[in-house]
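Note that subunit A is present in both complexes that follow, paired respectively with subunit B and with subunit C.
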Partner chain A sequence: MDAGLIAIILGVGPAFAAYYLTAIGHGLFEKSGILNLAIDGVFTVGVAVAYVAALFAGTAVAGSVAALVVAVAFGLLIAYLATKLPISHGAIGLSIMFVGYGLAALIAVPIRSQINAVVSYPMNVGVDVAFIIFSIVIGVLVHYMLSRTKLGAAIRAAGENPHAASSLGVNVLRVRLIAGMLGYALIGLGASFYFLAYTPAPYSEGMGMGQGWIAFAISLSAGRHPILTILSALVFAELLYNKFVLQGYLGLSVHITKMIPYLAALVAMVIFMVTPLKRKLAPPRALGKIYFKEERTV
Partner chain B sequence: MQGEVTVLVKDLVKRFPGVLALDHVRFELRKGEIHALLGENGAGKTTFVKILYGVYVPDSGEIYINGKRVIFTSPIDAIRHGISLVSQIPQLIGSLTISENIILGLEKFGMMASIRKVENYIREESEEVGIKVDPNTEVWKLSYTQKQLVELLRAVMLGAKVLMLDEAITFLPIREKRKFYKFMRKFASQGGSVILITHKIPEALEVADRISVLRRGRYVGTVETRTASIDDVRKMMFGERSAQITYERLPTSTPDEKVVLDVKDLWVMGDYGAFSVKGVKLQVRAGEVLGIAGVAGNGQLELVQAIMGLRKVSKGRIAILANGDLKDVTNKGTGKVRSLGTGYIPDEPLKFGVSMENNIEENLAMLPAIAKGIIKWRQVRGLANRLINEFKVVTPSSKTPVKLLSGGNIMKVLVARELSIAKKLLVAYNPTRALDEVTAVMVRKIIKEKVLKERLAVLLVSEDLDEIFQVSDTIAVMNSGRIVKTFPAEKAEREQVEKLMVM
Partner chain C sequence: MRLIVTKRVKPLKFGGIIIPFLSIVVGIFLATIALYGLAHVPPLLVYSAIGQSLISPQMLQTFVMLTILGVALIIPFNAAVWNIGAEGQIIWGMIMSAFIGLTVAVRYIIVSPSDLPKYTNMPGMFVLPTPTVSGAYAVEALTMNPGTAICLMLIVAGIAGAVWALIAGLMRAYLDIDEVATTLIMNYIAYYAYNYIVYGPLQGITISTSGFGLSNALHPALRFSRISTATTATWEGVALMIAIFAIAWFVLRQTTFGLRLRILGSNPQVLRAAGINVRKYIVLALTISGAIAGLVGTILFAGNLYQLIKIKTITTPPTHNIGYTAILVSWLSMLDIRGVPIAAYIVASLFQAGINLQSSLGGVSGGSAMISSGALTYVLIGFVLTTFTVLRVFAEYSIKVVREGR
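So, the complex of A and B:
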């Protein structure tokens, strides 16, 4: 294989890491039963924070850490609100999404207007491979945690039926806070990789907006399963990363190449809904349902 | 050992929107005793044990465990004090395995503990309870009985000192019930205490040492079972209404010639790929109650579901009277069957009979027999209030979501609705299982009255032989998917029926 082709294939590394980590973070959080509509807003904040922090610290790692910390704060807030108060998850999620969009601009735009520089991760094939390996290792750990540990069982229990989970001995609030923390740590990390490794360009307002939704679709099309998400994230990342190649080689219109990832998501969802995977990959039963424990009477 | 007080409850008060569920309730549980807690539907029994299990927080009152005052804000607090609850509806999570369900309450396993660690532990302990299960089985694959046994296993593994059974054995087949009784006795003799909630007085008298009674959220009293009679307990539970309880046969109806439900050579597949109904033939005529007696799991459920168009018929024919002729409804769907004037009281009524999130009016209006196309809410409200009064449903209003009612009251809403729309035929599966005695007798009387006066045809499947004998005009015994014998009810002998059921 010639070096160019290898570069094209492996070059997807940063994009893959960004989408994959965000998607498994999203899946992990939703497994606990909270509808995660805030993802795109927090992703956008993550991009802004990563940009600013990396710039001031002079190292990209600082950007990732800062994005992770800020995202975790959001995750805890969402988990707390959605579990402790009888408010619709949709309302919480969408409100926080818009807060995120605004906050991102507030943080990054003033800096951008004063300093015209970007600190990013180094770009070469070695780094690309490192991103792929790092994110897959994280994915495997998340899968192990969800499927093999008591914490994982508690997260799934809270997502299936929080009332029953509580009577089985789960502290639903605590478990959802943990899920919010872990899930959003990955989302923050993913957002930082998106900016600092995949598309390091001078910051512009709204950067990263919409990418959270793509991660949402990646997670959904793999039924929130961390291992299957490797596949869906790879397909999405390749299609997005190589969209210009597709245009060039196949002569497709840009609108069509942009559509392809979503068509792929649709096909994936149809495939697992008509096969025995349906039960395995079913959404958590209590996803998005208000948890209010005093409601049954007499 | 007797005499030491394990749980002491003083002046417990709990209010829910529109209802005073517990009104200064007191209660005492001794070490080593089985203590039955009785009361009619909506008396507050479930609320009471849910408070002891930390699900609800009381508005006021005191709880002492072994003399020390405790405040529980979540079940894990109760579990730490050795209190466990098994409910009528298994509180296990279907998509999780048995091990996963159990490990969630075991505090000696940390959050990152591997689930595999608990498996061997479960294998050892399950001998104790007398069940054989693979801990890796996902819970949705288990039968109801197995789920309840897993709940019990869980309670034991949590190191329960106080075991609360909230109608947990009501739905179990008799043989499994006996196992539970034995287990409870052993548990108590080893220093544990049991709170047994039931609405069956004979069961309480047979199993318990003492009986406490709640009525409309108030504590009525406690009696020793050695000295109490069934009538004493009934009076405590129902007051003057206890006189309405009777197990005498209701008047026999002479069926018309007209056949309303005709089933011929019916073969229906069960859930596990084998035939559950094997060539059943039966007829129900206008003005007749055909009671099907049998031990649960002998194809009754599949038969009823097939008749209602809820399960595919592999072979045979089901026909229902329409405009003077028998109309073939085999595999035609529930809508068709119901449109011919059929009422249906399903098994697992909370799951298949009502929509829990909707209110009483909406639960009426959702049936085409009550409202078509555009709903006339005023009319529906009128019907709702009439049924609420007639069946004495305890509810703040007709606009209350049914999930806020007690189990027995939800059942009343369902039974009332189905009786009001059954014009020709009523298909009922254990229609009074969740009801207290007074209400159960009332429901049976209403059914019988409709049969006598309106010439309704009723197919009654029940695991309660008292019920079968009280209401039926004809009794059929079902065993292993077949109707093994049919008797005119007046000639049927209980012993013979019982023998045919288990043969």
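So, the complex of A and C:
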């Protein structure tokens, strides 16, 4: 194979890292039993924060760190509210999504209208490979944590049956806060890679909107399994990364190529639900259920 | 310090009124802090924008659309089926209204510039303002009675919205795929389909529209009639709002169908035990909701815009995200249809406040003037929604704070 072709194949690295990390972060959080509908709003905030922080610090790494910290704050807030209060997970998630959409514009638009510059990760094949390796290592670590460690067992228990877990000595609130922190750290990291490595263009309002939902579908179609998510994230990243190829070779309209990932997201969810995958990788049983202990301190 | 959460024996007295109002006050306060802290928007500017919008006649059209959409969403919400896809359903309503209004109900007569004066004053003819690519002018001539055409627009838009929602309904009912995710993802599909259509099948034929992502303009005889010049609200829109509200109230409150929908929301096991096909009700709830949202597409197209205009960025669709805003209306009404118009009035004011605030940002330093009205509305609505979601707990639960070491 010639070097050009290899570069094209590996060029998917940043897109893959962005969607993969966001998707496994989402899956990790949902494993603890909290329905995560705030993902798209926090992803949009993550993009805005990454842009501003990288610009001011002059280095892309600072952008990633800042996006991670802000996303973790959101994750802790959601985990706390959804566990501590008898509150609808769907309602709190969507509300925070709207807050996120609004805050992203407040954070980034004023800066963008004053400074016309972007600080991003360097773009070359070496960096692309580094992104792929980094994200897969994180994925394997998350998988190991979930399936082999005490913390992973506690997270899964909190997602399957928090009442039983609690009576066996698991501190459901603490476990869900940890899951929210780790999960949203990955979502923030993914959002920063989306902007700083995959599409580093001058910020425009609404950047990143809708991408969180694609990550949501990537995670769902792989049953929230960190290793299987590698496959679904790769398929989506290729679809998005090669949209110009689709446009050129298949003669598709630009509007249709932008639509394809969303169509693919729907199809992926259907495939997951109609095949035996659904039974093998069933969603956590307490996902989205209000965790409320009658007449007791929580 | 720890929290003790106890379920109330009876719901909080007047909770349905106190909690929404408290949420609005606290939510707006939090939004003001965010606006000041992040974008240096002076709080007084925010409050005056909200104050103005409460009595502004411009918000009437928003109120009409939000009331209809609030009703549209409250039907599935009562059944615990979450239709977040009103945006997409409105978009399809607009597209299909435009299809009827711009192709079926009119035909285009191409006339040379020298023949144009004959047509300009001819009754029933509408000359498109700019010439076509070939230099000739296009004249729209009605092919049917305007009343029939408007009815047709509404019917087709309703069907389009219903079909769009039906897809998500079937996926939820038969495959158990969360409708929140599918309806949301389908909004994006609808946006891009809309853009494809305004650059493709429904693009205009004149030099200023063709290839610019604009459709032809709607024939004036097919446009809804405005109530007054001070507002964009239309008689047809108001009539539809009253009719839809009355019918929905009757169906939800007075029929077995409505009762079953509400039981589906509170205790689906009872319905299953009674041998009722739960799937059918899930599908119906979403389909009816989509049909009503589709009608809003016609109200927007034939009442306000008269033309399909491309979506430049995903934050600025022609709907101004009203389909999302309507979620706040139905939640603030505490899922009681009688509360929908009140909630719609408040939210329409917030929605208008976003627009008013945007236009008064010119003097704010630091580039904040570039923030879109859509984003400002998101900030206001997001904080009110979040506060409400949290405070709502107090209606049914009491929360005590206890010091540690008792």
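Please note the rule applied: the second predicted complex is superposed on the first by the 265 of 298 C-alpha atoms of A that agree within 3 Å, B and C clash if a C-alpha of one lies under 4 Å from a C-alpha of the other, contacts with A are read in each partner's own complex, and residues count from 1 in each chain.
Following the convention adopted for this analysis, contacts are C-beta pairs under 8 Å (C-beta built on N, C-alpha and C of every residue); 3 or more make two chains touch, one makes a residue touch a chain.
If you're wondering where the values come from, they're calculated on a predicted model, not measured in any experiment.
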Checklist entry - Touching A:256 in the superposition: subunit B (first), subunit C (second), both, neither? => result second
Item to check | Which of subunit B and subunit C A:96 touches, first, second, both or neither | outcome: second
Checklist entry - More subunit A residues touched by subunit B or by subunit C? => result C
Next on the checklist: For A:292 in the superposed arrangement: first (subunit B), second (subunit C), both or neither?
Outcome noted: second
Checklist entry - A:204 contacts which: subunit B (first), subunit C (second), both, neither? => result second
Next on the checklist: For A:274, using the defined touch cut-off, is the partner it touches subunit B, subunit C, both, or neither? Pick first, second, both or neither.
Outcome noted: second
Item to check | Contact residues common to both interfaces of subunit A (with subunit B and with subunit C) | outcome: 294-298
Next on the checklist: Could you list, by residue number, the parts of subunit B that touch subunit A in their complex?
Outcome noted: 16-17, 19, 21, 42, 44, 46-47, 53, 55-57, 74-76, 79, 85, 87, 91-96, 100-101, 103-107, 109-116, 154, 158, 394, 403-406, 409
Checklist outcome for this item: Counting only contacts in the complex, subunit A reaches subunit C at residues 37, 40-41, 81, 84-88, 90-92, 94-107, 109-114, 204-206, 209-210, 213, 216-217, 220, 253, 255-256, 258-259, 262-263, 265-266, 269-270, 273-274, 292, 294-298
Item to check | Residues of subunit A defined as touching subunit B within the complex | outcome: 145, 148-151, 153-154, 156-157, 160-161, 163-171, 178, 279, 282, 285, 293-298
Checklist entry - In their complex, what parts of subunit C are in touch with subunit A? => result 2-7, 31, 34-35, 38-40, 82, 84, 171, 175-177, 180-182, 184-186, 188-189, 192-193, 195-196, 199-200, 313-316, 324, 327, 331, 366-372, 375-383, 385-386, 388-390, 392-393, 396-397, 399, 402
